[in-house]
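Chain naming follows the written order as A, B, C and D, and within any one chain the residues start at number 1.
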Amino acid sequence: MHESWQQFWAMGGYAGYVWSSYAIAAVVIVGNIVAPVIAHRQIARRIKNEEFDD
Amino acid sequence: MLSVFWAVLRRDLLLAFRQRGVLVHHLLFFVLVVALFPLGTGASPSILVTVSPALIWMSVLLAALLSLQRLFKPDYEDGTLEQYVLSPEPLAVIALAKVLAYWLASGLIFVLASPLLVLLLGVPVGAVPVIMASLLLGTPTLGLVGAIGTALTLSLPRAGLLLSLLIFPLYVPVLIFGAGAMRAAIEGLPAAGALYLLAALLMLGISTAPFAIAAALKISME
Amino acid sequence: MVETHYASTQFTIYLQRNGVGVLAKSAFMLWLHRFGSLPYFYRVSRPIALALAVPGVLLAAYGVYGGLVNAPVDYQQGDAFRILYIHVPSAWLSLFGYTSMAIAGAVALVWRLKLAEIFVVAAAPVGASFTFLALVTGSIWGKPMWGTWWVWDARLTSELILLFLYLGVIALHNAIESPRSAARACALLSVVGVINVPIIHFSVEWWNTLHQGPTVTRFGRPAMEMAMLWPLLCAALGFTLMFGWLTLWNMRVQLLRRERRSRWVKKVFSDA
Amino acid sequence: MKRPRLGIRNLSCGRGENALFQGLDISLVGGEAARVLGENGAGKTTLLRTLGGLQAPLTGEVVWESARDTGAVDDPVLLQDELCFVGHDNALNAALTPVENLDVLMRLCGRRVAPGRIRDTLAELGLKRLAHRPSGRLSAGQKRRVSLARLWLTDAPLWLLDEPASALDVDSRALLCARIAAHVAAGGIAVFTTHEALTLADVPVRSIELLPC
């Protein structure tokens, strides 16, 4: 229950701790989403280009 | 089943005896790590006694890591491992025999050498029996668990660092209870609880690890 | 002694040997077999991933919103407790992920099910990253609460060792060249690891009570208010669904990597 | 007496994911030898390892029907009890003598052989003076002969031999051929790969051709 936006961002003096936690979490989750998508694209391209045909 | 167990045990002990130079190296490694430590911390007796449980157990862990790498490697390289897998007897029995031979040739030596080393570190004589008992109960478990790791990394040419990553987390309970028993003995507290827990871990290891080792060997052979 | 070598490589043999007496079991096997069909899995995994992603993200977002905005300030911890809305779900996922890997690993070893092997390999990096997240957020939360970034508290130490177990699986997979052996080795390692997880936790707790004088947490655990608890549960459920989504995508990549030379993969990509 | 049979049905094998050969169908009965043909890398060793049960096939099955077993015919169970497998590697530890090595190898197959008999067999193969020397000091051909001595000590009906004649001189090769022929003539089965010419007198030798897929 925050009275104002300013208060919300201040997190009762714990802003650094709270927001850095959430930032790291966002980075980890986005990384987990992006990595397989990139890897999938890469391997799909290599299969289409027939790079694995001996 | 028993006859294969004895045959493999006898073979590996014979090999250990023929290559006894290697055993001396393991022992020297153990002694050197312990002997060099005071040079790093300073020779204050109180510090040495306090850290001695960690020191002894960490050097046992490192020595086990180094020696375990060769547990199945020669057999893998010369084709004997194929014959183990093809034996009509269960592979787990053969694996247990190999770990027992390994322990008799290396772990037992650490147990026998430990009194000398802990006395060097200034540990009271009264604590020595408990320390030996903890090593006696703990080192076979290290061999059993480590054998799973070394069997999994068998096909890799250089597995040393990977092996440490695989097995050190699994060694945590032995390290805790082993060093715990030792510390309790040094402080004059009852150490029976920790020793019982070490014995329980050993029983669990003997009854389950051979099957895991056998499965790991088969995976590495494919 | 007789050893069965090719136990259950073929479903038909399984049926022949066991007859109709185990029909229920067989029905389960049939389902496994159908779902184990790789092209089928590749096709359906995409909509399934989407079906997990949408409610997962919504639930997690709702949980985090509830935790950050709606939940009242904790009278002891102030606003710092809002870190727990990612810490607790991450910590839950770290355990859930490893356990699911071990179950899949056991299935892979017993039935030689390729998808189960792939699951182990695919879940490891996701689980490891959430374990990492749990550790980092735990220590960030700990700084204002305990006055230090790290304490050798039983739960934190166990979590750290769990991270090492995850890293072991990932490293083993990277080290072994043959994808099949690598996946099977990881399956076995995760089974061995999961047996050890409770033992490790117990031993660390035992060690902790022995050496930690005063208790590390300054606060008791009063019953949580519903307004605080409810978002936490939503976040945990949302994270779990997201874990399934992310792991499915990893599985698709691993599957293509392993099957890249097979006819069905080529067909999928030549049609597209 | 019933004859043993080795059935191979729709077998495809490979290293890792890639099939080396597929759709292999053949049935061998006691009294038959089979030579595995194929180029380098066609999967000859892989086939022998699969037959022995060292690795699982990608598809298909291997059926072993024992002469003493009256049980189910189609069970894909291979009795390792009845197998003698001489692999690519000699399975000799360098620090053990030929006698010690052979003693352990025979015990692993569940057969205990008197040391005297091992010594006699080694003498037969011209290795009498080397019987108690560390195996590591033997030449490649001598090591191969020690490893092959198992064929004189075993009573297993199924032999799987991977390049048994590699590094052997002419005389030893003749001895080996005679031994395999005698085993097959007595109702056994031998499956082997070879680059050298191995002529087995008076027994049928079938060909297993591995075609790359």
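The rule is simple: a contact is a pair of C-beta atoms (placed from the backbone, for glycine too) under 8 Å apart; a residue touches a chain by one contact, two chains touch by 3 or more.
Model, not experiment: these values are computed from the prediction.
Visitor: When every step has to jump to a touching chain, what is the lowest number of steps that links chain A to chain B?
Guide: Counted as steps through touching chains, the separation is 2.
Visitor: Considering only mean CA positions as chain centres, point out the chain farthest from chain C.
Guide: Following the centroid criterion, the farthest chain would be D.
Visitor: More C-beta pairs touching across which pair, C-D or B-D?
Guide: B-D
Visitor: Report the inter-chain centroid distance for chain A and chain D in whole angstrom, where each centroid is the mean of the CA atoms.
Guide: So the centroids are 57 Å from each other.
Visitor: Just how far, in Å, is the C-alpha centre of chain D from the one of chain C?
Guide: Computed value for the inter-centroid distance: 45 Å.
Visitor: Averaging over Cα atoms per chain, report the distance between chain B and chain D in Å.
Guide: The computed centroid separation for chain B versus chain D comes out at 37 Å.
Visitor: When the centre of a chain is set as the mean of its C-alpha atoms, what distance in Å lies between chain B and chain C?
Guide: The computed centroid separation for chain B versus chain C comes out at 31 Å.
Visitor: Spell out, as numbers or ranges, the residues of chain D touching 2 or more other chains.
Guide: Residues 53, 56, 79-81 of chain D touch two or more partner chains.
Visitor: Among the residues of chain B, pick out those that touch two or more other chains and give their numbers.
Guide: 88-89, 222 - these are the residues of chain B that touch more than one other chain.
Visitor: What parts of chain C, by residue number, touch at least two of the other chains?
Guide: 1-3, 178, 180-181, 261
Visitor: Go through the chains and record each pair that touches.
Guide: Those chain pairs satisfying the definition are A-C, B-C, B-D, C-D.
Visitor: Which residues, counting only chain C, touch chain D once they are in their complex?
Guide: Against chain D, the touching part of chain C is residues 1-6, 9-10, 13, 16-17, 112, 178-181, 258-259, 261-262.
Visitor: Inside the complex, what are the residues of chain D that reach chain B?
Guide: Residues 52-56, 79-81, 83, 85, 87-96, 100, 103-105, 107-110, 112 of chain D touch chain B in their complex.
Visitor: Would you mind writing out the residues of chain A in touch with chain C in their complex?
Guide: Against chain C, chain A makes touches at 1-2, 8, 11-14, 17-18, 20-22, 24-25, 28-29, 31-33, 35-37, 39-40, 43-44, 46-48, 52-54.
Visitor: What residues of chain D sit close enough to touch chain C in their complex?
Guide: Residues 15-18, 53, 56-57, 59, 61-62, 74-81.
Visitor: Which of the residues in chain B end up touching chain C in this complex?
Guide: Checking each residue of chain B against chain C gives 1, 88-90, 148, 152-153, 155-156, 159, 162, 165-166, 168-170, 172-173, 176-177, 180, 197, 201, 204, 208, 212, 215-216, 219-220, 222.
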